[in-house]
Amino acid sequence: MFNGLKKKWTDFMNNEELKNKIYMIIYDTDTPLGKLFDVFLICFILLSVFIVILESVFPPSFKPYLHVLEWVFTVFFTLEYLLRLYSAPRPSKYAFSFFGIVDFLATLPTYLSFFFTSAHSLLAIRILRLVRVFRVFKLFSYWREGEILLQALKDGSKKIIVFFVFIVTLVVCLGTLMYIVEGGREGSSFQDIPTSIYWAVVTTTTVGYGDITPVTGAGRFLSAIVMLIGYTVLAVPIGIFSASMISEHKKHKAIPCPHCHRPGNEHDAVYCKFCGKQLHEEEKEEWEDKDPIITSDGEIK
Amino acid sequence: MFNGLKKKWTDFMNNEELKNKIYMIIYDTDTPLGKLFDVFLICFILLSVFIVILESVFPPSFKPYLHVLEWVFTVFFTLEYLLRLYSAPRPSKYAFSFFGIVDFLATLPTYLSFFFTSAHSLLAIRILRLVRVFRVFKLFSYWREGEILLQALKDGSKKIIVFFVFIVTLVVCLGTLMYIVEGGREGSSFQDIPTSIYWAVVTTTTVGYGDITPVTGAGRFLSAIVMLIGYTVLAVPIGIFSASMISEHKKHKAIPCPHCHRPGNEHDAVYCKFCGKQLHEEEKEEWEDKDPIITSDGEIK
Amino acid sequence: MFNGLKKKWTDFMNNEELKNKIYMIIYDTDTPLGKLFDVFLICFILLSVFIVILESVFPPSFKPYLHVLEWVFTVFFTLEYLLRLYSAPRPSKYAFSFFGIVDFLATLPTYLSFFFTSAHSLLAIRILRLVRVFRVFKLFSYWREGEILLQALKDGSKKIIVFFVFIVTLVVCLGTLMYIVEGGREGSSFQDIPTSIYWAVVTTTTVGYGDITPVTGAGRFLSAIVMLIGYTVLAVPIGIFSASMISEHKKHKAIPCPHCHRPGNEHDAVYCKFCGKQLHEEEKEEWEDKDPIITSDGEIK
Amino acid sequence: MFNGLKKKWTDFMNNEELKNKIYMIIYDTDTPLGKLFDVFLICFILLSVFIVILESVFPPSFKPYLHVLEWVFTVFFTLEYLLRLYSAPRPSKYAFSFFGIVDFLATLPTYLSFFFTSAHSLLAIRILRLVRVFRVFKLFSYWREGEILLQALKDGSKKIIVFFVFIVTLVVCLGTLMYIVEGGREGSSFQDIPTSIYWAVVTTTTVGYGDITPVTGAGRFLSAIVMLIGYTVLAVPIGIFSASMISEHKKHKAIPCPHCHRPGNEHDAVYCKFCGKQLHEEEKEEWEDKDPIITSDGEIK
């Protein structure tokens, strides 16, 4: 019997046809079944996240009911993970990819709670699966919009990194300065430099909780300067992103002329705005072929 | 007598001339009477909103006086609603339109307060009628500006939706993460995940009430990162809107073709991008006419 | 003696030469004396503002010393006001202009404090004279930058007004909605609709004091939506201003070609980028006139 | 012996070869040793900053251990400072440069703490050395991005200054106005004009700590207006920076002329705007060469 089972298992593991079918359903979004699976999966993820959120709100008496649901999700997610591993062309590549690790971690906590009671709090990791929700854009016509946004972010990423190094240096310097000015006093909320740096971040980003505020005149004067700096510095990432959004906008629209090679024709142009010749020659030829046919026949086809 | 009344009613309901007259006054803004009615209506709406606001501030002893005013407005709004229904070409279309429902809801609360004492608080619904105030733009020359703004918002709406899905996912993930880091502690303000998500929204949008703030070092470190992310992410909708405002700006500056009359040629175009003919021919011809005159006369005119 | 005084007074009032001299010093910024007067005036205004600020901080024992300074400033400002009236081509026009009223109000409080003790607090009106500080830009080369900024603001002003009407309507609606959701409760900080509208302004502008915060789940959910709306709406004025700044930027730079009439040549261009002909003909002719002179003389003039 | 030492010292001070070698290591980033030194230096600076931060957090019992580390850094920084002075072509120029003063101040506090116990708190000055961290961009390919950002800031700097003068005037006026409205009351947090100005800065920059908030109706109404002004004014620096970022963006995309080698031709230019020659001649010639070949051969190559 064990041999029979082993053979069946080997057959199952090498069943390329089945693998392809499952791959189509799980990984693809072009087939109707693939779309259905994606919609189903996204609903399941949203529901499981909802359960995790509810558990933190409800009194302990509700927990047994939520536990049942939790196990349902865990079993489903485990099955999905195993099928993904099974049908992936290179299982190890999937297992160590970002999504592979997230999918694995999402199933783990419930199993671990058998052995460690504290492991249950790890359930919140499941929320990371929300990232899969972005697949929803693929199902509708929003994918291209998302790609333009991503491209604009990527174009500006180097500038954003430079900006972040600058901001971190700035808040460390300003935080330390504030610690020197306000820190020594009795009952001051600027107890140590990390707290002061935290205050500098809260202030430059214009969040302003108000849990740590200056009380002396000098501290308030310095704060006002920090705020005005933050206010101006706020313009930097916006300027970066605006500039790359605008150039991305143009790139997706501008057509170069095949005659005078000048770029900059808008996407709805028919004739080049610089030399006056037609932009899309092939279409024109098609039209010219059709044209004599109409004249020889004396009627429109 | 009843038959006489019935006949009069039927006559009144089919009086197309009266209907047209009322329609002109109530729906149009081009005639002097229509304009007067709109100014009058906007004043009435603003006054009724003012009364609703005052009622929440004044001590109960003032209420009888306000009740009188409330009834005046209710009668006026009811009359207006009935006239709108009467004069609309297709009454059912108006009744189920956005403005139709708002107009109906605005009259309801006062009548309902006969039967239910608590219905009075619904009076605040009347504030929704404020939307009609935007008609004021039609009376002055600000309508086009509003349209440009709306168009820019519409152009960017798909990107804004993608951005919102991203933001919601982000705040759910960050809120849960913060709940894990700060939540377990005694006296922590991060009691449950929804509260933590609320905190994440307050923080990423840089509102920063300060009613929920991290107290541990790890929590503050995570908060600082959340703030810097929010700070950078803030750039995204601004970039989207700036880009579409700028392209909208250009479109409104665009030159129409004198041959095919299609608008949308860019300001630096020489040939129409739709029909391929020269855009500024007249100017050129003028110049060419002038040119031979100069050579034949031997002097500049 | 009285007649002699009267004659002198009439002579003084009709002394056009003296009037012109004083006008040059007080109103002009091109002459050295006019510049000196402006620098002196700005210093005096800043000092007087400084005294007003100091008075609110210092204990009453310091007041006699500050009173002396206050009288010095009042006498100087009164003298300046009278001279402005005297030398202005049309005194009544100056007296009722914005600056005329501000200058008059700035001198008044000290005199009024003779009669009313409470009039002293009006001294703060003097701070409005700070507006004159913007004259400092005229003295340096920053005037043009300020003009570009003002022009961009003026271009976008209609859109900004439309935006403000929208924002005011939005905060009234959101504030009332929040009052309905959170208002009825015991100990709620949403006592009445004006307070709720104030909260809506604090929240949509992302200021977020935290003096009024939602405590119920529904209130917090609504708040989160208000914040996200405010966050997106924030993009609107920025987009408006960016778009007009950019077009203002271009306008100050672009030169049209005198040959092909195409605009869009950059401010540092010598040859048209579309037709290749020289942009500044007059300059060229001058150069051509000079050129033969050099060759015939064999030396550079 | 003293003469021998003196001679050695003179030899050492005039050893140009050694100076050059040290200069290469300390000031250059192109050689492998120079790069290694920079990486090493940045790590040391980060570590020393880390120690300063730790010292403010740890209880006094840890201080002896941190003191040892502090001395290690001080000795290293002193050595580095002396070597910089030694190898600089003009030592006095380095000593009075920004970096020279920062490097000197960074070594001072530990030595001063011998004589003054309070001098120890000056150690935080060492954090200013963080500015050297920006050298890290030179090691990687981020330098150009940083330069674009700096250039954009420099382009907009005049406008930013005009904007700052405007903002300072605005907050002084608004702060004083608020002091008049809210200041006189018992228990008001608007105690004096500087505090009110501080509040105006906190509010216009949308930081909103909430430590000073209006409580009267008039005060709240004024606050709401201040917030809406701040909200709109926020758009100004962003617009300035966006506009200069975009024009900077274009400049870096600009095409250099193949004839006069001047950069700065826009991407849609046909003729160089400086020398009037065609920009894309080579492509055109190639095309012309190809053209006759086709006609003589009768077929396309």
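Read from first to last, the chains carry the letters A, B, C and D; within each, the first residue is number 1.
We adopt the following convention: a residue touches a chain if its C-beta (ideal position, glycine included) is under 8 Å from a C-beta of that chain, and two chains touch if they have at least 3 such contacts.
Fair warning: this is a prediction, and the values are worked out from it, not measured in the lab.
**Q** Compute the shortest path length in steps from chain C to chain D over the network of touching chains.
**A** Counted as steps through touching chains, the separation is 1.
**Q** Indicate whether more than half of the residue numbers at the chain A-chain D interface occur in both copies; give same if so and different if not.
**A** different
**Q** Looking at chain pairs A-C and B-C, which one is connected by more C-beta pairs in contact?
**A** B-C
**Q** What whole-Å value do you get for the distance between chain A and chain B if each is reduced to the mean of its CA atoms?
**A** Roughly 30 Å separates the two chain centres.
**Q** How many Å are there between the centre of chain B and the centre of chain C, using C-alpha atoms for each centre?
**A** Their C-alpha centroids are separated by 31 Å.
**Q** If you average the CA atoms of chain A and of chain C, how far apart do the two points sit, in angstrom?
**A** Taking the mean C-alpha position of each chain, the two centres sit 44 Å apart.
**Q** Specify, in ascending order, the residues of chain A that touch 2 or more different other chains.
**A** Where chain A meets two or more other chains at a single residue, that happens at 194, 197, 206-210, 234, 238, 240, 242, 244, 246, 274.
**Q** Going by the contact rule set out above, which residues of chain D touch chain C in the complex?
**A** Residue positions touching the partner: 158-159, 161-163, 165-166, 169, 172-173, 176-177, 179-180, 183-184, 192-194, 197, 203, 206-210, 213, 217, 220-221, 223-224, 227-228, 230-232, 234-236, 238-240, 242-244, 246-247, 264-266, 268-278.
**Q** Would you pull the chain A residues touching chain B in the complex into a rising list?
**A** 49, 52-53, 56-57, 121, 124, 127-128, 130-131, 133-134, 136-137, 142, 145-146, 148-149, 152-153, 160, 164, 167, 194-195, 197-198, 201-202, 205-211, 234, 237-238, 240-242, 244-246, 249, 265-266, 268-278
**Q** Quick one: in the complex, what on chain A touches chain C?
**A** Result: residues 206-210, 238, 242, 274 of chain A touch chain C.
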